[in-house]
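In what comes next, chain A is part of two complexes: it sits with chain B in the first one and with chain C in the second one.
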Partner chain A sequence: MQTVQSDFILVSDRRADASFLIHHYLSFYLRAGCKVCFLGLVQSFSHYSAVGQRLGVSLAQAREKGQLVFLEGLKESFGVLLQDTSQETQPLSYLRSPGAGLEGLFRFVESCVRQSGDGNAGESWGPPVLLIDDLSVLLSLGVSVGAILDFTLYCQATVCSELQGNMVILVRCEEEDADDDEEGSNLLQRGLVHQCNLALHVEGLPTGYCRDIHGQMEVWWRQRGETIYNQRKIFHFKVHDKGASFFARGTSSAVL
Partner chain B sequence: MLLDVMQAGGGFILLEDSVQCSARGLLRCFIHAALKRGEDVHVLGFESPETQVCAGLDSSSVQRLHFHKGFPDPLGWTCRSSFTVERFTSQHITQLIKDTQHAQASVLVVDSLSMVLRHHDPVVFCQTLQELRKGGVIKTIIGLLHSDLHQQGIVGIVCHLADTVISVAPADNERLSVAKTTRRTKSGKVMQEEEYFSVSEDAALSVQAKPRQPGHVQRERDVSEADPTSNLTFNLRLSEDERKAKEKVALPFVFSQQKKSALLRPTPGSGRIVYEPDANDDVDEEDPDDDLDV
Partner chain C sequence: MAAPVRGMIGSTSIGNTTSFQKKTRSKLVSIPGTRPSVQNGQLLVSSGVSSLDYVIGGGLAVGTLLLVEEDHYDSYSRMLLKYFLAEGVVCGHELFLASARDHPDDIMQELPSPIVDDVAGMKISEGQSQPSDPENPDTMKIAWRYQNQPKVQTALASSVRFGHYYDVSKTMEPELRQAAKCHSFYQLQETPVVTASSPLPSPYHSLLKSIQTVIRKEGFDGSTPQSKVRNVLRLGLHSLGSVLWGDDVCCKDNPAHCHALTTFLYILRGLLRTSLSVAMVTVPSHLTQNRAVMGRIIRLSDTAIALESFKGSEKETNPLYKDYHGLLHVRQLPRLNCLSCEVPDTKDLAFKLKRKQFTIEVSSHQPLSALSPQHTPNSHPIALRVHSYGTSPNPNEQRGVKTPPRLLTSAVSALKTHSTVDTADQRVGCNENDTD
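For the complex of A and B:
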């Protein structure tokens, strides 16, 4: 999955787990020498570090060198909640005042990606990359869909349009029985699909559980540069210890 | 009708899209068409960069295009924009248009109305749109709305305000999209048309009627049906006489001419009712309905 130009890649899932794609992109961009800003809102640093180790990258080393900036949402939230006052511009200020929006979080991302990355050895990193895992958890914290869409618009403007970097965002959708007009993860996902260049949607197989095929992934090319595409293809995948393999439908090694 | 609307302009034209199919390409065509007519086009770009909306213009057109930079800072967080979303009021916009020199027949393009609706009250938004329409400074308003990002009621309100609503959807053919145009004239007449269109790289719109798709329709069916009456131990086939007799049988519940005439002909000795009044019965020979004044 090589991206030549700056892309906003949306990874979404429904009743499946697409986080293997986040781990893939994290190790991919670190290996490519890009400056990575990772907002890890749902797991601890050691979790990603352990998976990254198996994929061949050392997150701790990358963080020390300054290549990786990791916002550990779970750990830092204690600090915000236990303080008596919090500034508007703190990255996790939405925990105290979710109605105010995500401007603080955007400022954190902006300062991180704009730093002229100079590692300890004086190396400069490639175009910046923003990874978010996962954005739908903000909905459960009281942030509105509109505020999240504004935040991603600003991130896209800065990271993709201005700095020619890439953005990969994970959003988890629910099966909602209620009307899809209501504020929820499906509305958020639709808004993000409108903004993104490439949408990867992971679901289980419609026919049920299979030992050799872990699910299907729909690849939706929406835009490349100035051209508007609208191409969708479905692939099957199997997750291994060190990555995932993708194949066209019906060509799994278990079948052929 | 789509080409007519694009080339004539005028009124409030709403381009409605969804995740299935984006209408931004069509929006570019409308902008190019307005510039070719010699009109001044003001674009309030909140969602996409200038390069995406205004690519491929020649130098004479570029002078009449005014892109008011909302993107990349539509909310004013980094103080780099010339027009933020909250300035979407009729006073600000009218002032913006009046500020351009030698303005004639201005066209206002909003990309997108969804962004504005996210930050303004729907009622105030509608009032603003109505004021802009009736203001006299703007000849045409073209807005892009993502219909799947709002409640149905809100989409309905905006469609109601519009003189022309163009909804785009994907077609079976990947190169084409479907546009459903609904146009309301001043007299109240509503016209609707569905057309297939495609937008080229240089924002040229080509419209066509429903395309024929050879090879998709299966003309011949190669299914050879096996004869079920062969190889049986009993006979299921009919001889000629048997088939004729079968066709002659009158079905029991079919109301044929014969049955009808049989029912109408009174047959003697059938179906007569004989009533013997009892000693306790009070038989009155008079017609009980006689006193009705009908």
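For the complex of A and C:
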């Protein structure tokens, strides 16, 4: 992965679980010394911390040092719902008023990524990284696709273009439905593929369930420079306790 | 695997014949009826059905949500809910039951009665364990290792075993049931609260508030100082998403509250993650028109299973499914605190409800019935086919298949060498032609 150029990486899955890639990127960027802003909207901090332990990073330590800013969506969700007054600038304000958009969340991200190196007596971190797990849960909470795409556009402008950082977003899709309504996660995923420059799509095997090969991953890379065509590759993978291994199609150890 | 937990609780009451106590350094809370998971150290509770525990990876992790998609008549999903609550009573956990159709007290009265191994039977009045008294003049001199055994089986008030069996034909005795603390929420008796600013309709909102009040008041989230032994709260929420909860996701194509149930599940999971509780939610998914909503609901829960009962469907007369009451689909298994979860061997599971056991087994799956309609279900050569990943098509292990004896050896021996559908198809097709 090139860290000089800023990347907007979209991780998506359909009827599979691509969260192992988010864990990988989290430990990767923490080890690289970047300032990480993590929006953990679907799992608790201890979950990521336990997996990070196995991958070799300590999230609690990183949080204490200030390298990692973790927004725990689940923990504070009930409190936000019960509040009498809803402030627009609160990061989780979409829980109370999902139609109003994600401006509060964006303000939170902006303040977090701009903070690095500003008056910090400690170490200066690398370029900021924004990780989101996962974005499609906002659709379940009633936020519209347009509002989410606006949010990612703002984040891309700030994190990638302005601050030369990276963004990794996880989106979970459902089965393609012929008469799907407009506000579906497939629409969101298509819009994000248009914005990103590296798309990793994880799916189950088209031939059915297999114990040894957990699925296939499609890599789509938007090339910069002079090459006109965009690359697209498919790998099979298997998730282990400490990571995942990728191999070309048909070369799994179970088959050979 | 259960050894560390035993060491903490104390070996005397379980009848350990050795005086060796394993010193454990684990910081796990010792709550009766729970055990740590083998894979990732999570604290697990039993769902009440031991074969279901095995299918979902050892048990339900504390802090997670189990989603059960109901069968058409809500008979087996209701049975699972009752097993879940009965297990809570037997282990001494606290219960929270919410229902919109039947009164929670009615559901509680139908709980199955637990089966106790001991011949002495399950009498609450007697059965006090003898305390081991070193000054007792009757101390055993020869069989001193058995000194600390209880003389009579202790009452089932708080059992330290993980997973029990229940007798469905009998209901639980009232004394045992009332020993457990149960909070109930009956939707039809709640006064609707006007919540203009909340995205949730009133029934879900008041249910969430009620759950959060119980969690906070009883100290499941660690907020109150622990003066008593820590315990687990079991939440049973019946038929969420149905019309009686004020939700129209199950009856309309474009519901006005299409995000109500998903928001509710999201916030419920937030409450569960921050407390020592586990929830079982049943949803009538067969009523939802929109499959995308079901996909989201499944993703918002941790463990998700679906029950499909054969009653009233064409599969009831299928000879292949003769011994079973329905199919069980595992929609999702959680990956908690680890990258990879336990992947099951096979996904073809069927269940049957017997008087003393709810069993879940690998079913002999017939793939051709959907593909080729010209084969009638009564033709026995087709019914021979056994096709499950990873299981051997041993004729002695076949269940629920009536095979005519003349075709048994030839067709099934062909199946033993070939495990793909196509070749088995041809083989049986050939045999059919030969014998006809």
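Operating definition for what follows: the second predicted complex is superposed on the first by the 236 of 256 C-alpha atoms of A that agree within 3 Å, B and C clash if a C-alpha of one lies under 4 Å from a C-alpha of the other, contacts with A are read in each partner's own complex, and residues count from 1 in each chain.
Assume contacts are C-beta pairs under 8 Å (C-beta built on N, C-alpha and C of every residue); 3 or more make two chains touch, one makes a residue touch a chain.
Quick caveat, the model's predicted, so the values are computed rather than measured.
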Chain C versus chain B on the shared chain A, clash or fit after superposition: fit
Of chain B and chain C, the chain that contacts the larger number of chain A residues: C
First, second, both or neither for A:E175, with chain B first and chain C second: second
Partner chain(s) touched by A:F78 [first = chain B, second = chain C, both, neither]: second
Which superposed partner A:V255 touches (first chain B, second chain C, both, neither): neither
Touching partner for A:A100 - first (chain B), second (chain C), both, neither: neither
Chain B versus chain C as contact partner of A:V239, first or second or both or neither: second
First (chain B), second (chain C), both or neither touched by A:V137: second
First, second, both or neither for A:S19, with chain B first and chain C second: second
Closest Cα approach, chain C to chain B, once both complexes are overlaid on chain A (Å): 17
Residues of chain A at both interfaces, chain B in one complex, chain C in the other: 181
Chain A-touching residues of chain C, taken from the complex the two chains share: 40, 197-200, 208-209, 212, 254, 259, 262-263, 266-267, 269-271, 273-274, 290-292, 295-296, 299-300, 335-340, 343, 345, 347, 389-390
Chain A residues touching chain B - in the complex, by the definition given at the top: 103, 106-107, 110, 146, 149-150, 153-154, 157-158, 161-162, 181, 187, 190-191, 193-195, 222, 226-228, 230-231
Residues of chain A defined as touching chain C within the complex: 17, 19-20, 23, 44, 46-47, 50-51, 54, 73-78, 81-82, 84, 86, 95-98, 137, 139-142, 172, 174-175, 177, 180-181, 184-185, 209, 211, 214, 239-244
Parts of chain B lying in touch with chain A, wherever the complex brings them together: 19-22, 24-25, 47, 49, 51-52, 55, 71-75, 77-78, 118-119, 146, 148-152, 170, 174, 177, 199, 201
